[in-house]
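Here come two complexes built around chain A, the first alongside chain B, the second alongside chain C.
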Partner chain A sequence: MSCGALIHRDRISKSVVLLLALPALILPAAALGYILWQAAPVLNWHFIFSSEEGVGFGVTEGVFAQLIGSLLLALMACAIATPFAVASALYYRLFATTRQQQLLSAMFNMLQGIPPVVFGLCGLIVLVNLFEWGVSLASGALVMAVVVLPLLMLNTLAALERIPQEYTEAGMALGLASGAIIWRLWMPRSWVNVLTGLLLAMARALSETAPIMFTATVFSGVVWPDSIFSPVTTLQTHIFYLAQEANDPQVINIAWGSAAVLILLVAIFGLLARLLQKWGRH
Partner chain B sequence: MTGGRKQAAYLTVPHQSIEAPVIVDEVSALNVNQLGLQIDDKMILQDVSFKLPTRGVTSVIGPSGAGKSSLLRCLNGLLTTWSGEIVVGECDVRRWRGGWDQLRRHIGLIAQKPAVFRTTIRGNVTFGIQGWRRRRRAGELVENSLRQAALWDEVKDRLDAPAATLSIGQQQRLCIARAVAIKPRILLLDEPTASLDPRSKQLIEQSMKNLAQETSLLCVTHDLEQAQRLEGHTIFMCDGRVIERGKSSQLFIDPQCIETREFLRWSVCDCD
Partner chain C sequence: MILRWWLASSALLSSMTIVLVIGFLLHSSWPLLQQQGIAFIAETEWYPFEALYGMLPALLGTLWSVALALLIAIPCGVAAAILCAEILPPGLRGAVRFGMELMAGIPSVVYGLLGMWLLIPLLESQLDLLTGRTLLAAGLLLALMILPTIMVLSEDALRGVRRSQREAALSLGLGWDVSLWRVLLPQAWPGIRVAILLAMGRAMGETVAVMLVVGSIDRIPQPFYNLLQPAQTLTSRIGREMAEVSVGSLHWAALLFCGLMLAMVAISISLLAHRRVVTA
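Entry: the complex of A and B
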């Protein structure tokens, strides 16, 4: 085949790949742009940082209570899930036999594939009704913890697997016990990656709606929880409620505004994760 | 008291306090009997038997895939599915219940690729010492270990510099100093000078000779000239078996087995 024909074929391949990739790049960017455009009229400090309990059912005031509710749920979920995820990853790397590793791997991949709404339903039956925790921050956080657990575990495992085997073996050859290997060898090398995984799990928890609909949130309005057994309002369910009031343009504007705040929040965690990763490489 | 419990008490003495290890069998620091290793239906080691003297260098030579590195990994407990008998001093490691981590403090291992930890040069040398108080007060030990590894003169003014700033040859000597700092009875070296420049190679050999005065060294090498320079004993392995062993001066000049003769002949041809 001539050189010209090869170059021509290369150009065709490049064009086909670009044509297929473009929608994947353009559509999310266009959606993001459209949301920010629609949200622009209501987006201001007052909208983000104000909330008055019992006023306007969330359609006239800002979204501060919802923002705090979302953050609280995501933080609590990650706080509950992190020790279990890290312990599972450490067990996998340090002690598990090949068979146990296969089993753990299969289990966490399966857990990750289960639709979150199923966990929500389980939470409703077991935590809300059976344990009588009610629709509360505690129920929602626990259900959300189960949702983010596989992601956290797999992220932690990926962080540990980035540590070269010869580095670990050098520590083992010195007679370091498992605890010393974890704390003195692995942690200094992998904490940045573990923390990055945690931030990504926070972003995931912020973007989940279904598991908390039955377990943690009153649908809208402004509620400041006075204990972990009180319900909360969240941005996710607030948007869901407002979208149902589609006839009122003012309400729709607030829904766009809430969506923009949620996207910004997720983006902040994603960006922090990227910055941390970049810093860790140096 | 049973024999096993007696051995356990002997090895649970905090290692830093053992200045001169009491070894009942003065002739051998390590006794390997009929060691076998099978991984995924493949025999890696078969019927490997030898003894290591309490001090001096024993080189292990042989073609790639002969099982030399696997042998070291079995001795250091990084591979544990072996069969046969490994006796360290008077302790049969199969009966030892103190855990491999404690046993490894008596059998150091230096890998082919130096793996320095993300800390200072001083921090690396003291890394294996148990207890942060001991690590902080280990100034003299740091100097001695670095001297034994022939690295002291090059780093004495920058002990608190990151270890990663050292050259690869220096990093390898730092790994030797780190292993020496926990005072093992036996030091296993897996091709410690592979892909190093001649100067680094010479310094590491010098360090090995220093160490051999007090410790038993088992060194896997592909460099036959190095094995001769290190003197001591040599074990020739092929296909997971020990084919021949003896004094280096004798084995290289007058090998008894045809496989050893063939290997030495081909190795000399390669060198030429």
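Entry: the complex of A and C
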């Protein structure tokens, strides 16, 4: 084959790849652009930072209550899951035998694969009905904690595994106790990466809807939760109900607006995690 | 010593979550299994009020929507990964990857909103359908949702191919397409396989977005490959009916059985993916 034909063939195959990849290049921008365009009529500071129970079917003037509800749920979920995730990762690195390590990582990988709606189902029955916590912040936070637990644990583990083995070996050779190894050796070197994992878990908790749909949220009637045993409203479920029920274009605009706010919120946590990761590398 | 016990008990408790969940699902759906055997999995009629709990329509719906999503997302996602890893200059590569990560971060309920108020009217007007709420809509939406997973993980896999392998292909005078098919893709395949498996799990378990676009009608499409009809998936059934069902009834047990099936398939998928990572 001549050189020219080869180059020609290269060009054809590269064009085929480009053509196939085209949707992946266009769609993210298109989807995001469409959402922002639809949200534009309602999106302003007043929309984000006010919350008044409006007239009629959930037509609230703002989404601040929903925003706080989403954040509260995600924060509580991470607060519940973090100690367990970090402790599991530490046990994995410090004490677990090879067999236990295999078992632990298999368990957490399986847990990560299970669809969140299944946890929501279990939460509805065990927490809401059996324990009689009701549809509440507490039930939702616990269910969400189980959803983010594997993510947190695997991220913490990855952070610990980035510490050079020599450090740990040197510490052990000096006869440091396990507590000292954790606090003096591992903590200073890995807290940035652990925190990055935590931010990613927050982003994940903010974007899940299925697990809290039955366990934590109501559509309207509640603005601020009084206690951890009262229901909340969240951005995710707000969008869901509005998308499903509304016929009024005004209401749909509110749904698009809420979607834009939610994406912004998730993006903030994602970007913070990215920045932190970059900063940690230096 | 105290530290060790504390860590061990936390690890034990966390890893036991999955056993608890499965055990609980099994325990709660047991009444249904006891009463109706296992044959209802292959039955076609789901009428909870007449105690008919045929699982076939929802199983078929899940199968079709996931298959359609994979069919679209695999070629597209892998091609985008090849484009990023092999063709584009570093600056553009970063931009495309950033776009993908952004897309991966869009919550599923927002995809549902897009599906319901953009995709469905579009399908209705373009294909002249009675209702746009179809398996096709669910498949397209799921494809969009799993695209980032496939692309990002496949790109990592392609980047992980050793330099020496590329150099060997070059020195043999292989063309770009030959070295792609014979060297790069086979070398990256374990990673791409994991990407596909994870995406499949995600597509199968996706609830809210699918619920909004699939139509939620418990009927096997006529004929069974007709994707332009409303259908039901396992997740959309759980989402639709869970809020209305009374605890302890057979209907409730049937919904929990749907959850159990989802969990079992998800566990098999993650075992498959995990095993390959270990051996690769």
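The rule we apply is simple: the second predicted complex is superposed on the first by the 247 of 282 C-alpha atoms of A that agree within 3 Å, B and C clash if a C-alpha of one lies under 4 Å from a C-alpha of the other, contacts with A are read in each partner's own complex, and residues count from 1 in each chain.
Criterion: contacts are C-beta pairs under 8 Å (C-beta built on N, C-alpha and C of every residue); 3 or more make two chains touch, one makes a residue touch a chain.
In this text the structure is predicted, and so the values were computed from the model without any measurement.
Using the contact criterion defined above for the overlaid structures, shared-chain residue A:33 touches neither chain B nor chain C, since it reaches no partner. Judged by the touch definition given at the top, the superposed model places A:172 against chain B, while chain C stays out of reach. Contacts of A:41 after superposition on the shared chain: neither chain B nor chain C is touched. After superposition on the shared chain, chain A has more residues touched by C, the comparison being chain B against chain C.
After overlaying the two complexes on the shared chain, residue contacts for A:210 are found with chain C alone; chain B is out of touch.
Shared-chain residue A:188: touches chain B; no touch with chain C.
Residues 178 of chain A are contacted both by chain B in one complex and by chain C in the other. Listing the residues of chain B that touch chain A in their complex gives 76-78, 99-105, 108-111, 113, 115, 117-119, 127-128, 175, 178-179, 182. Of all the residues in chain C, the ones that touch chain A in their complex are 3-4, 6-8, 10-11, 13-15, 17-18, 21, 24-25, 28, 75-77, 79-80, 82-83, 87, 96, 99-103, 105-110, 112-114, 116-118, 144, 147-148, 151, 175-177, 180, 198, 201, 204-208, 212, 235, 238-239, 242-243, 247, 255-256, 259, 262-263, 266-267, 269-271, 273-274. By the touch criterion stated above, chain A contacts chain B in their complex at residues 164, 166-167, 169-178, 184-185, 188-189.
Chain A meets chain C in the complex at residues 6, 9-10, 13-14, 17-21, 23-25, 27-29, 31-32, 34-35, 83-85, 87-88, 90-92, 94-96, 103-122, 124-126, 129, 146, 149, 153, 178-179, 182, 203, 206-210, 213-214, 236-237, 239-240, 243-244, 252, 255-256, 259, 262-263, 266-267, 270.
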